[in-house]
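Take a look at these structures.
Common to both upcoming complexes is chain A, partnered first by chain B, then by chain C.
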Partner chain A sequence: MSVFSSLIDQTEVIKVLQEAVMASRNNSDTTQAMTHAWLFTGPPGSGRSNAAVAFAAALVCKEGGCSKCNDCMSTITGSHADVELIKTEGLSIKIDEIRELISRASWAPSVSNWRVVVIEDADRLTDSAANALLKVIEEPGLRTVWLLCAPTLTDVLPTIRSRCRHLSLRTPSTKAISNLLVTRDGVDPKVADFVARASGGHIGRARYLATDASAKENRENILRLPFMLKDIASAFTAAQVLVESAKKEALTDSEKKDEVEISKLKQAWGSTGSKLVAGGSKAIKELEKEQKSRSTRMVRDYLDRALLDLATLYRDILLVQSGSTDSLINQDLTDQIKKLAASQSPEKTLKKIEAILKARINLAQNAAPLLLIEALMCELR
Partner chain B sequence: MKFVVERDYLVDAVNWVSKSISNRPITTALLGIIIDATDEITLSGSDLESSANAKLKADISQTGKVLVPGKLLAEISRSLPAKPITFTLEGTKVLVSAGSAKFTLPTLPITEYPNLPQVPPSTGSLKSDLFATAVTQVAIAAGKDDSLPTLTGVFVEINKNQITLAATDRYRLAVRELSWSAVDPSVEATALLRARTIADAAKSLTTSSNVSISLAQPNSNEKLVGFVSDGKTMTSRVLDGSFPPFRHLLPSDATAEAVIEVAPLLDSVRRVALVTDKTVPLRLNFSNNTLQLEAGTGDEAQASEKIDINYKGEDINIAFNPTFLTDGLIALGTAFVHISFTGANKPAVLTGQNEATGEFIANYKYLLMPMRYSS
Partner chain C sequence: MVENQVGLVLIQGPEALLADRVITNVSSRFPNAQISNLHADELEVGVITDSLAPSLFGDQRIVVIRDTQDLTAECADEVLAYLEDEDSNLLLVLWHKGGVKGKGLIDKVKRLQPEVFSAEAIKKDSEKAEFIRSEFKVLGRKITTEAVQALIDSLGSDLRELGAACSQLASDVALQKTIDQDDVAKYQQGRVESTGFDVADAVVDGRTAEALISLRNALATGTDPVLIVSALASSFRTLAKVSGSSKGLNPYELASSLALPPWQIEKARRQLSGWSESGLSKAVIALAALDADIKGAAADPKYALERALMTVSSARGTR
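Entry: the complex of A and B
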């Protein structure tokens, strides 16, 4: 059992990483299998951050990644003294955060041989934050390694890209995902196969769909929307339903969390009332800002997932229109899909898929959610 | 937990521990200060890079250990009247009272606080005021740009009974050598420490006559540096990276030498530098036992001044960053400065000298790169 066994269907990447770990343990190594900066890319859910964290664990572990020792376990939980895990729940990673990180990253390793910094969302670095990283990524300390993760190469600045060794993870196959769900989570093979398809190769999403009833219900509600689109009025209703449910899901979780975090921070600054020691109110304001950005992100992520689900539905419709019914993703809706397929032309279906993908791009670029979804629903009508 | 402590001791200890507490820590628990009352009171705080603790004597009637908000404890202890202060833990609150003044401090969950490192065994010790001066002299040359972490550090090299401190920001280099008494007379070790941390430690650890320094052996797993003096300790993580080799940068001979009284020179430099900003060169012309200082060209504001000096060697025209020159002159801490040159485009070395005639003091060297300028 090694830390790398948590990676699904990524044998090539694992081989490269294991060679790097071997080289990192050998001081007279000349193979150059190890280097000081790595960029992991791969579609969401392919496990790129898991790969980076596993690599970090293998570097600080005395056995080269046994997955059982204290070094491995604390790396995975994010509490290892020599490993920094940077991920954001907000929309972006700002330059202040990166400046502090650079300062922490310059510590020599304390208990292991390497100091490892993992940035799980390098695609969310602001331009100025990414530029601040250039210097340290190019010439980090002797025992410091930077591991960056992003969906694709174009999500990071070319100047960052050129300073890293690139590792690309592939979308795990439907079979590999359903096998994993069956063996690891004890999911029924039939369900496992269905959710593996429906998730589009996203391991975490597949597991969530298989094990969480509300996730399954949400997906069904979203996929029901295209069938109720008849006129402008119904398009607007559908849009409203979707955005409302996104907000509901995002806010019920975060409001409680926000409150707890604020009261905890206030207490650490020594206040139970309104008056705070100098510096305290600034810290609270910063936290509130982060929380706001986190809520926006949650709504956006929910909608993005919904758009992806809708795209799979129209893909299925297009498939039926071109005469195939074998590899439908949404097999639970086969009958309705066939009906809808018969009522329109393939050209129109293609245009609709394009509209959905365009909406995803606009969403990432800060479009107002309700307006965006309304416009989309009108096009899907 | 219940104990009574003198106000001055408490304020001193809290101030010391507060130095290691960051305003924006990684976890909120690190905003707190731990009060541990067993045989004596130990306060500790940390920002994960450095951690400080202070022991103080107190009349302890009940032992205990709590985590309290650090900033609030600091503000409260500073404002308390000079009377014995009583700390009592009641439920989840700590009551602090001095005379008729009473405060209630909330406590924080201590289980969320990370384990703090222990100070490694002592490597040796030296006089605390000597150490403080030496560190201040060197830390001034350290870089302030966090994107080049190696240069924000002070390099500490221990070679048997001698310590060498060095720092550079690429434009100047300060090197100070001093002797100390090592525990193991054959010890050899090096460490790179953030200038801010070591300067803080050195400046604050002057209350007792000696400070003990612990440097981990190169082969050990503990990569920490510790400073201990009179019940106060600080540990700090070291920086990764190799400090550039610096000894060969210091020229061994000189083609020209000047001896100048520091106070009047500083005044002149400051006056002439008024017409420049930090990046504009200050031009110095050494000839015939006079030094002409000039700044500004063409249509800009200009200034010049002449002072009498003691000069040996060929005439030389050289330009320096006025801020860096002033920093060096102040860091010497002597009445006279001895400047040696090897050419107008080569770095000059500043050393201190107590008398107008006599030998310069070789244990501190401030190497200053000249600036290019067009005349």
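Entry: the complex of A and C
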């Protein structure tokens, strides 16, 4: 059992990483299998950050990634002294955070052979933050390794890209995902097969769909929307339903979290009541700002998932229109999909898929959510 | 009860021009006083106590605390501690912009019977007209009703600008002459304030040329493109919602199910006459593209706005 066994359907990547780990342990190595900066790309849910963390564990582990020793375990839980995990729940990683990181990153490792910095959301670095990284990524400390993760190569600046060795993870196959769910999580094989298709190769999402009843219900509600689009008023109602459920979801998730965080911070500034040490109220205001950015992101992420679900529906419709019914993703809706497929032309279906994908791009660029979804529903009508 | 009505002034309301006038006014009672201006949101603990502490030579001083509603609890306590033991050489001016924040402090201050001034926001056109007339009265000038309206149209959103324009007119127009529309036009010509909603109304009614003029006016007087788009979006949202309801239904009954006030439903019904389903849908799709454009997808947001207005306008009447 090695740390890499948590990566699903990524044999080529694992091979490269294992060779790198071997080379890193050999001081007279000439293969150049190991280098100081890596960029992991792969679609969401393919496990790029897992791959980076597993690689980090293998580098700091004395056995090269046994998955059982203290080094491996603490890396995976994010508490290893020489491994730093940078991720954000907000909208972006800012330059201040990176500047602080840079000085720490050049320290020598304290308990292991390597100091590893993993940036899980390199695509969320602001331009200035990414620029601040250029120098240290090009020539890091003697025993420092940078591991960056992003969905695609174009999500990071070309100047960052050119300084890293690139590893691309592929979308895990439906079969591999359903196998994993059956063996690891004890999901019923039939359900596992269905969620593996519905998740579009996103391991975490597949597991969530299989184990969480409300996630399944949400998905069904979203997929029902295209069937209720009749006149323009219904399109606007559908948009309102979708955006409101996104907001509700984000709110219930974040409200409890926000409150706990605030009360903890207040405690840290010396009070549980009203009086804080000087500077305390400023710190709280900053936290509130972060929380707001987090909840904006949660709404966006929810809508993005909804758009993906909708895209799978139109993919199925297009499939039926071109005469195949074998590999439908939304098999639970086969009858309705056939009906909708018969009522319109494939050209229109393609246009609708394009509209959904365009909406996803705009969503990431700060579009007003309600207007965006309203326009999309008009196009899907 | 503390017997000191000279040393404590309370200003209530958000209107900065009026509050500033009160502050200037009360300050002029003590021409030699040293004035300290404090902003509540920048205050550290201790600054207030420092400013309110007695002066070594017993100089006359004025301390103004702006945005009293934003005082932290600690700083408010400092003010209260001072009020227990007031300094007869000190005039304390508290400006509270309103709302429930910091109300505790204000209630306690009120018990000490301060001089209270109101600086309520002036929102309605009739109040603005009243303000303009009183300005000219103070300046000893006469002004026609049309000129008052012209002033409101061009500068109505900012009371400070309005006040400045009044004093400029009063000092520039020949003495004894009643100030009329032409005088106002001479100084404010071409400046018309318009909002996103003016633009939206013109577009929905199919008055393309007016919509473009309103758009230019709105942008020139500082309206953010994002606000214009959201006004347009909300107008079309109303149209779309109302389009789905039967025309026979009473707007008062529809109001709750559509979550719209009855007058908006009636207005939307009138406006809908020029719009078909596909026209509305084209318009909304164009607006979403515009939203992306002004958030960075287009090089020039102003041009994107104009182009989108044309597209939306031409969607009206499509079958």
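In the analysis below, the second predicted complex is superposed on the first by the 378 of 381 C-alpha atoms of A that agree within 3 Å, B and C clash if a C-alpha of one lies under 4 Å from a C-alpha of the other, contacts with A are read in each partner's own complex, and residues count from 1 in each chain.
As a convention for this text, a contact is a pair of C-beta atoms (placed from the backbone, for glycine too) under 8 Å apart; a residue touches a chain by one contact, two chains touch by 3 or more.
These numbers were taken from a predicted model, which means no experiment stands behind them.
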Room on chain A for both chain B and chain C (clash or fit): fit
Chain B versus chain C as contact partner of A:Trp269, first or second or both or neither: first
Touched partner set for A:Pro109, first chain B, second chain C, both or neither: first
Three-chain overlay, vertex chain A: chain B-chain C angle, C-alpha, nearest 10 degrees: 80
Which of chain B and chain C A:Gly323 touches, first, second, both or neither: neither
Touched partner set for A:Asn366, first chain B, second chain C, both or neither: second
Partner chain in contact with A:Thr144 - chain B first, chain C second, else both or neither: first
Chain A residues touched - chain C or chain B, whichever exceeds: B
Shortest span in Å between Cα atoms of chain B and of chain C, once chain A is used as the common reference: 12
Shared contact residues on chain A - chain B and chain C: 278
Residues of chain A defined as touching chain B within the complex: 99-100, 102-111, 115, 132, 135-136, 140-144, 264-265, 267-272, 277-280, 282-283, 286
Chain A - residues contacting chain C, complex: 231-237, 274-275, 278, 281, 359, 362, 365-368, 370-372, 374-376, 378-379, 381
Chain A-touching residues of chain C, taken from the complex the two chains share: 44-45, 72-74, 229-230, 233, 237, 240-245, 277, 280-281, 284-285, 287-289, 291-292, 295-297
Chain A-facing residues of chain B, complex: 23-24, 28-29, 31-32, 48-49, 68-73, 75, 105-106, 108, 117, 146-150, 152, 192, 221-224, 237-242
